[in-house]
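As structure tokens, the structure follows; a few thoughts come after it.
Going in written order, the chains are labelled A, B, C and D, and every chain counts its residues from 1.
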């Protein structure tokens, strides 16, 4: 099978590097065109990137010449992965969608757009039906290739919603969620990202904009597609209230979140055993579709009292699985637990790749 | 003024070392007798201790000969500070109380005893009235020197209750408290304490017994002395419910706690400005009594969005002050905030010293 | 091809865990019998081990019942990997050799025994000829299976000697080597290993016994097999002098060593370009023999000025390759460079596995 | 005694902040005028600085209005401390010297100027005689106030030369010095300084320009004033050869250096005991002059095998003392040892303050 061709926008940045690294090992997609900022255009990728991954820069990407982030240089690409900074992502991504490209973006710019799916691929891949519907409608109208955008969620949101999804499916709406995060420094990029002096022997109890993202994005990711099939019935504050407190800690990769949750339906509150079983049995669509990057299990429920731990558990199923531990009853909410997710895989570039695989499985890419 | 003489039990351990270091700088008390485990008895302190403090071992303690932890070797001591392990603290401390000593202990053994005050000195020094009353009663009965014990609270409990106290005093009972902690490794001692491989690039989302301590001790510390003046009307679960999630992180000193709280009286809920003012204006008894170790302010309210931070703020007022930041409204509870306390000062040995100073000011020592 | 059966002594310890993890992925050997200390004997491995690896405990090892470290329980094993502590390794390993087993040990006990090869498999696999010769001689005498021991070198020694070997082969004896190490905490095990408070925001400029190991072991590893083919012409201090300064730092895996070296033959001192080429071209026997765990390149020479770095480079070729960077002229010695090696792979258990693969390729196992 | 007035150039940077913090506690000098870059001029210091010190911003500096780094705004200042970046330090500092100011600079720009003393105040304060001589000569010519500059050495150089000085004084020239450093991140500033991802679970074996600074600066600091008394007989490579290898590690403050040295005079090589005694007895001029910031001992010789350690020993004598441990014989050089120095005190701003105190004691300020 020939590889589908991927374009990567923001290829020299930390998210872009992750896209390229993941694509180098992917059996369906390959990094075919790399886009960068104007001062890098025309230069070899290897010469411009400050590669900071634990695997060496893939040989096949070294000689690629960096292109302007303009649709005309990405002809032939089946999908565009965007690791662009929010400062420039809006205009550039729009130009690609307008030109008929499928754009999967890690930037925050369009996450709140009513027609754009905000997707954690092991959680709400059914939201991609909006794209499928639109593709059908376009085809009916004779449009061969309608452009669209799918947004990857914020990294700490991704970790939170994975265990919430099966619980909501099984036991009804979740009314309250308290979430205190301890987030890895890789989430802040590395140009320069977090300063070493700020996290060595230290904690930064604040990440600009992060708490708001978690509190809002969870309500979109956990909602239903609207009746028209072209948007989302985003949950209101009265249906789901999330309170987040975000901290940056001295961990390289892996966000740890101490969460507590309370179900809406008080006559249907599950037992602790039911909660654990529900999490353990969760089988996401991506796994059922046999997407190459889909985790064997979207959730691992750990029973050792001191797990999950970022250093030991973040790479479970190549970072696409979330580990949940210390599931127990809570004296204020119903249950509390610790959730660990790999912030650059399921929380960023990895989700983008898996979304593309799901779209391909659904016949849209 | 002559120094009052202090005995230190468990002098070679991490808490004992802190007692000795703090006493070396204290204008009222001096470390006069050091007690250790049987295999160290009879040896010079400098030869037995693995001193791991950032100040050098005080000269005056180097040559002290380690004694058996038996009251007969501590004659002449005005107060006994215990840094003993829980495994041996029970029996030994009881023998000192029985022998008429004033024992201030960092061990957990007697924290839940009805007649023993559990004290964070900048919070509930009024609980020490039970000791004052007992001393008067004893004197009336002709007992010159009745032994007693005061317990220092668990370190993470100490950080939590400091801001809760003035809020409770001003706005009535606090019904719910959610507390997620990120605790320093020094809290685990160092023989060997936490293993390096467990916290480097990692978080341990579990500290054995810690959550239960926080959830219970807060109810004793924040309660009133009973009518008889000889015990405590410990709050029930219906009066105060605390839910704690405890994590060990790569910080040397300083516990950071993300807390949220909800007041009981719904018609009296303060505004954000009132909460901040209340915290800022808090003036504890130890400060009013001019105790030498009392902080200038028991609480510092920080307005920078990314504070408090352990490395920058833990040593405020020599570690006796607690820093509170990010005070803001919470969509589930009433308010949320970040609390930072120095776990080995206000959370352990330092509290012991300040309790002794308060007792001296009240004429009991 | 059927797997060869391996026994693992000290299976619950940190080195033992690494052996089991590596064996679970090995195409030639499988962990068949696990030996542990008396209090663990008779229990399931999963129930006794505190598994601290980043991969999950292999399914096939979970149910293995821990055995006494006695040869009679290891019948049928083709090779014995020992991760025993030095305190017990001496007697136990001897009993296995006496019983005719091939023992590959990470313990230090027999490293200095004249007849025992001390082997870094990418450096001096030719030292294993002593074993081959002995096997032939034994067979000639009718001994079907002569027991023997091979020792894995100390972890920091392994990193040092890899680049020294090709340089010595090409440019003659190396007279002086200065080596300052910055060693990972995993080298100290984890029961409890290094205390967190000792390396957080800190360096321990001392590792007991380590400097002596480096200074001595290099002289055995870099020497020739003696004429009789049954021992080693260990280099004298006059032939090779190594001065080591060892530090423990806050790195999880990967020893970094700043080395400088001076050749003996002053008329044959290579140029910088020759040194780099020599290192880059080095092709070790294990690679030539196509051993499954052999690195593609025993040495990677990095040209970026700030490499190698432990977090980025330690896993090169699954930890069996050593990375060398900053190769440059030295104003006192001839050349200086930075060497990075994975201390638990090429520096410990991994070397054991690769030694076994070489022995199998040579027909001895 | 009235305070002497100090101007601080680059007041918002990390070195500038340290100057201001140290001056707030200094009994002789006070921060009177603060200079900053053009975009900060005219604004309150508290509003412009991102204060990252462990002590709070001194009250007396909060309201100071930031001035342009131009001599006309610094009238009345007795001394100028420069924490400017090298990019701008050259021109600005020259303008202050030309205007008759005493400039003490942490920048590297003039360190190699023949007439500028490069001073570690506990090492070569006698180099300041050049300034004293020049002041006398100027006065003879009727110049009331001749401007001059003194340079603070590079931070890692400072740590190295402290123990070398008394050894050189006692046992003659030191021919060879090998120095492998493990340097704290605070040395890289914090805007942004070292990126967290670069030192967490990692080492950067490279600091741009650092090795060259050590190798050259040591030869100026350890040399004699020339006969004319107006410059320095900088040591040649044939008199002193230093080889440095520099690493950045996850330590907040405190540079650790593993050094080895060989004396020139082979017939006069001291014993280990003599070396230790010489270091222990070293008494620097600043201490003899009773300068307020002078350390009680310029050198502490530690006998515990695992000391010095940055977290435990860097603040000895408020960071003005250097700790030396593991002094032992070396098989290649004569002796090796570990040297720890506080890089922002004796290695930067603190040295500037102490140089000013010495100049004041010598009657030049």
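By definition in this document, a contact is a pair of C-beta atoms (placed from the backbone, for glycine too) under 8 Å apart; a residue touches a chain by one contact, two chains touch by 3 or more.
These numbers were taken from a predicted model, which means no experiment stands behind them.
**Student:** Report which of A-C and A-D is connected by more C-beta pairs in contact.
**Tutor:** If we tally the C-beta pairs in contact for A-C and A-D, the bigger total goes to A-D.
**Student:** Compare the CA centroid of chain A with every other chain's and tell me the farthest one.
**Tutor:** D
**Student:** Chain A to chain D: how many Å between their CA centres?
**Tutor:** 49
**Student:** Need the CA-centroid distance for the pair chain A / chain B, whole Å please.
**Tutor:** The separation of the two C-alpha centroids amounts to 43 Å.
**Student:** Determine the centre-to-centre distance between chain A and chain C, using the mean Cα coordinates as centres, and give it in whole Å.
**Tutor:** The separation of the two C-alpha centroids amounts to 41 Å.
**Student:** On chain C, where are the residues touching two or more other chains?
**Tutor:** As it turns out, chain C has residues touching two or more other chains at 52, 198, 200-201, 250-252, 311-312.
**Student:** Taking the complex as given, what residues does chain A use to touch chain C?
**Tutor:** 52-54, 56, 200-201, 252, 311-312, 315-316
**Student:** Using the touch rule from the top, collect the residues of chain B that touch chain C in their complex.
**Tutor:** 52, 185-186, 188, 190, 192-201, 250-252
**Student:** Given the complex with chain B, which residues does chain A contribute to the contact?
**Tutor:** Per the touch definition, chain A meets chain B at residues 176, 178, 180, 182, 198, 200-206, 208, 215, 237, 241-243, 245, 247, 249-252, 256, 258, 260, 305-312, 325-326, 330-333, 336, 338.
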